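Quick one: structure below, then a few questions.
Chain nomenclature is as follows: A, B, C and D, assigned in order of appearance, with residue numbering initiated at 1 for each chain independently.
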Amino acid sequence: MTVALSGKEIAAKLQQRFPGSIVESSESNLVVKGESLLDIASFLKTSPDLDFDYLTAITAVDYYAYFEVVYQLTSIKHNHSLVVKTHCYGRDNPALPSVVSLWRGADFQEREIYDLMGIRFDGHPNMKRIFLWEGFKGYPLRKDFSNGN
Amino acid sequence: MLADYGLIALFLLVAFFFAITTLLLPTTLRFLRIVPKKPNPVKTSTYECGMQTIGKAWVQFNFRYYFYALLFVILDVLVVFLYPWAVELRQLGIFGFIGVVVLILFVVVGYIYAWRKKVLEWK
Amino acid sequence: MEVEDITKRYIYSAVELDRAEGEMIEALKAGSQQPIPDPDKWLEEKLERNIILTTVDGLLNWARRSSLWTVLCFPACCAFEFIATAASRFDISRFGMEILRASPRQADLMITAGTLTRKMAPQVRRIYDQMAEPKWVIAMGACGISGGIFTGSYNVVPGYNRIIPVDVYVPGCPPRPEALLYGIRMLQKKISQRSLLQEGR
Amino acid sequence: MAIKTEPFVINIGPQHPSTHGVFRMRTTLDGEVVVDMEPVFGYLHRGVEKLAEGRSYKQNIPLSDRLDYISSMTNNQAYVMAVEKLAEIPVPERAEYIRVIMAELQRIANHLIAVGAFLNDCGAFMTPFLYMFREREKIIDLFDMVCGQRLLYNYMRFGGVSQDIPEEFLPALKTLVNSMPGFIDEYDQLLAQNEILLARSKGVGILSKELAINISASGPVLRASGVKRDIRKVDPYSVYDRFEFDIPTGTVGDAYDRYWVRIQEMRQSVRIIKQAMKQLPSGEVLTEVPLRLRPPVGEVYGHIEAPKGELGFYLVSDNSANPYRWHVRAPSLFNLTALRDMVIGWKLADAIIIFGSIDITMGEVDR
C-alpha cells in the first residue's frame, strides 16, 4: 500500500535544513518557495530514507492570483509518496527552476506546462511549445484564455 | 534451321511491342481525356509523410552502399553466363566445364580479396 | 548530471522549422473558415451520352469503384474502427479495398479516420493534393464531419470539409464497421454515375 | 581513411504507417544509422483538459474514453475512481468485480494490438496483426454485449457501472477465458523462438533500469527493464488485493523483453478474470449519485495500472458542477521521454521497431 507521507512530517525534517523555505504544510501536501524548489527536490531525491527517485506527475493549476505547480513524487524502494507544491506569482512571465536535471521524466511535462499554462522553467534544455505550434497566441489552459477558434 | 531464328525474331517483336504499349498507354489515355490530368506544384513535390522535405537529400553517402551495388553487378554478370552453359551442359562436356570453372575462379578471387579486406562488414 | 542544451545540437535549426510550420498552420487556419462545397453538383447535370460513351463510362466506373485503394489518414479512434473493418471479420477486401496504401501516390480514396487538429490540417491538405486524380474523400466519424465531441476546442478544425472537399460523410463516434461499409457502398454508387463528358472529369 | 559523409534529415512524419497515430520524428540520418531524433507532438492535441473544465463531471466520462482510445475501459475506471475518491462515493461489491473483469479484458485487448502492431513493424506484415485482431474481435463482442459500443465504451459511472451484465455474458466470457490461453500459446509458439523476431528485437533499444525510473516510465516498458512495479500490487485499488497473480518483469529492457512482458501479462489477466468470475457476488451495480455531482472543495490524484502504464487523474474541484482542473497523467508521454536515447546509433528500421515496442496511443500523449 503506497503510504502518502504527511506534509507536516516532511516539513519538520526540511525546516532545519532549509530554513524559511516552507511556505505552509498540511496533512496531504507541502508548499515550498519557488527559489528553493531545486535544492529541496534534490534533497528529497538523494536522502537515503526518503529516496524519491520516481517523479509521478507535474501539474499546473491557475488560481488567478497565482499559479500552483504540483509535483507528485514517489519512492519505488520505500513505496511512499509525497505531494510538493510551489506557488508562482505574476501572469505575464511566471518562471520556476526546472527539475529536469533530477528527473528526466519532467522534460515533456514542463514543456507541456509551458505550452498550455505559460510558466517558463529555467534550466530546461528545450524550452519550447510541445503541443501547439510556434506563433500560437496565448496559453490555452489559463482561465482567462479567450477561445480563438 | 532458319525457322529457329524466326522464333527469336517473333519473340523480339512481342517484347518490343509490349514495351512500347506499356510506355505509351498513359499518354494515349491522357490524350483521349479518359484519364484526368491536373498537375499542381504541391502534387509534383516529393511526398514525405505530409511534411515539406528538410534540407537536401543529394548528400555524400557512405561508400559501402556503392560497393555493395558494385559487387552485386559483378556476380550478376557471372550468373548471366552460367545460364546458357547450364542449359547445354551435356553437349559441352568436360571442355565447357573447365571453361566455366576458370570463369568462376576469376570472380571468386576478387570476392575473397574483398572479403579479406573486411569491406563487407556493415560498419 | 549535466543537461546539455538540445537546441544547439541539430544540423537544422529547429526553431526556424517550427516557426515556418507555424506560419503555414496560421495561414491555413485563416484560409479555412468556410467549408469547401461538396463536389456533387455534377450529379444533377443531365448528360446526353451516346452508346459508345456509356460502355466506356460503364467500364471505367466499374474498374474505379471496385478497386478503391485508401491512403492512411489515421489520426485517432476511428482508425481502429477502420482497421477492424479492414480486418478479417468485416472484410473490406470484398470491395477490392484490400490494400491500405501508405503513400498518396498509389491511392484514390482518403478515409479520414479521426479528429482533425489545426496542426495536422496543412499535412492533410498536402496529402490530399498529392493524391492522383480521380480521388474521393470519405469523412469518417463525427469528428470528421463537424469536430464531434471536441467542437469547441481551440485546436480542432470543425470538420474535414473546411480543408478538403468531402464526398461521403459517415456519422458515428466511432461509426460501426457496418456504417463505414454502407458509406463505401454509397461512394461506389456515386462513382458509377460519373461520366467522361462532365467537365470536372 | 574515413570518407566524409553528410547526414540528412528525414521526417518520419505524422502520416506514417508505423507511427501508431500522428507522431512525428524529425530524424537525422547518416546513411542508414540514426544520428539524432527530435520527437514532435501535438498533431492530435484536442484540448481535452480545457474542454473538460467547461463540462460537468458526468459529461467528462465520454471525454475520458477518447484519451487512450484502444483501452477506453481503463480510462473510464481511472477517472471514475478518482472522482469517487474525491467525493467519497461507495461502490457496491458486484460493480467492483465487474470493473476488474472489464479492465483485465481491456488489458488483453490492448496487449493484442500492442504486440500485433510491434510485429507488423518487425516486418511480419499484417499476419500476426490479423491473428490477434481475431481475438480482439471476440473481446469486443463481449464489450458490445455489455455496453453496446465497440470501441469507446462509456460504461462506468461514479459509484459503479452503468448497467448490469446480461445473462449470456458469463457463459461467453467462460468460453473466451478457456480458449484464450490456447491462443496465447499459439502466438508464443509462432513468435517466441522465431529467429527473425529474435534477431530483430533481442538487444535492440535497451532502456536501462535507472533510466527507466528516471524518466518515470511505467507499465510494460518499466517492467521490461527489470523494475517490479505494478500499481495493482504496489498500491492495490478496487478489489485487486483479493486475487493472486504475479508481475512478469524482463531482464535487459530491450524490445524483446517488452514483447515478452506483454505476452505474460495477457496470461496473468486471464488468471485474474477466472478468479473474479468465481468470486463474482450478486447485488446491485450502481449507487445513486446526483446527476450534477458537486464534489467537495479539494484535490485528488487517483491512479490505476492501465495497460500502457500508470494512468492518473489529478482533479481539483471547487464544489461546482464543473471540475476546476482536470489533468491526465498519461503513461505514453512519459514512456516516450527516452525514445531519443534508445534510438540513436541504431538503423532506421530498428528505430521503427524500438518505437513500436514502446506501444503508445497518440490520443493520450497529445490529450
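Everything that follows uses one rule, which is that a residue touches a chain if its C-beta (ideal position, glycine included) is under 8 Å from a C-beta of that chain, and two chains touch if they have at least 3 such contacts.
In this text, all values refer to a predicted model and were calculated from it rather than measured experimentally.
Contact count check for B-C and C-D (C-beta pairs in contact): higher for C-D. Relative to chain B, the chain whose mean Cα position lies farthest away is A. For this pair, chain B with chain C, the centres built from the Cα atoms lie 37 Å apart.
Centre-to-centre, using mean CA coordinates, chain A is 61 Å away from chain B. With each centre defined as the average position of its C-alpha atoms, the distance from chain C to chain D rounds to 28 Å. Chain geometry summary: the mean Cα position of chain A and that of chain D are 26 Å apart.
Multi-chain contact residues, meaning those touching two or more other chains, occur in chain B at positions 49-51, 54-55. For chain D, the set of residues that touch two or more other chains comprises 7, 9, 13-16, 26, 42, 45, 47, 50. Within chain A, residues 129, 131-133, 140, 145 each touch two or more of the remaining chains.
Taken as a graph of touching chains, this assembly has some other topology, since it is neither a line, a ring, a star nor fully connected.
Pairs of chains in mutual contact: A-C, A-D, B-C, B-D, C-D. Listed in rising order, the residues of chain A touching chain D in the complex are 1-2, 53-57, 59, 61-62, 70, 72, 76, 79, 83, 103-105, 107-109, 112, 116, 129-133, 140-141, 145. Chain C makes touch with chain B in their complex at residues 11-12, 17, 56, 60, 103-105, 123-124, 126-127, 129-130, 133-134, 196, 201.
The touching residues of chain C, when paired with chain D in their complex, are 6, 9-12, 14, 17, 72-77, 79-81, 83-84, 87-89, 100, 102, 114-115, 117, 119-120, 123-124, 127, 149-150, 152-156, 173-174, 176-177.
If you check the complex, the residues on chain B that touch chain C are 33-38, 40, 42-43, 45, 47, 49-52, 54-55.
Looking at the complex, you find that chain D touches chain B at residues 3-16, 24, 26, 30-31.
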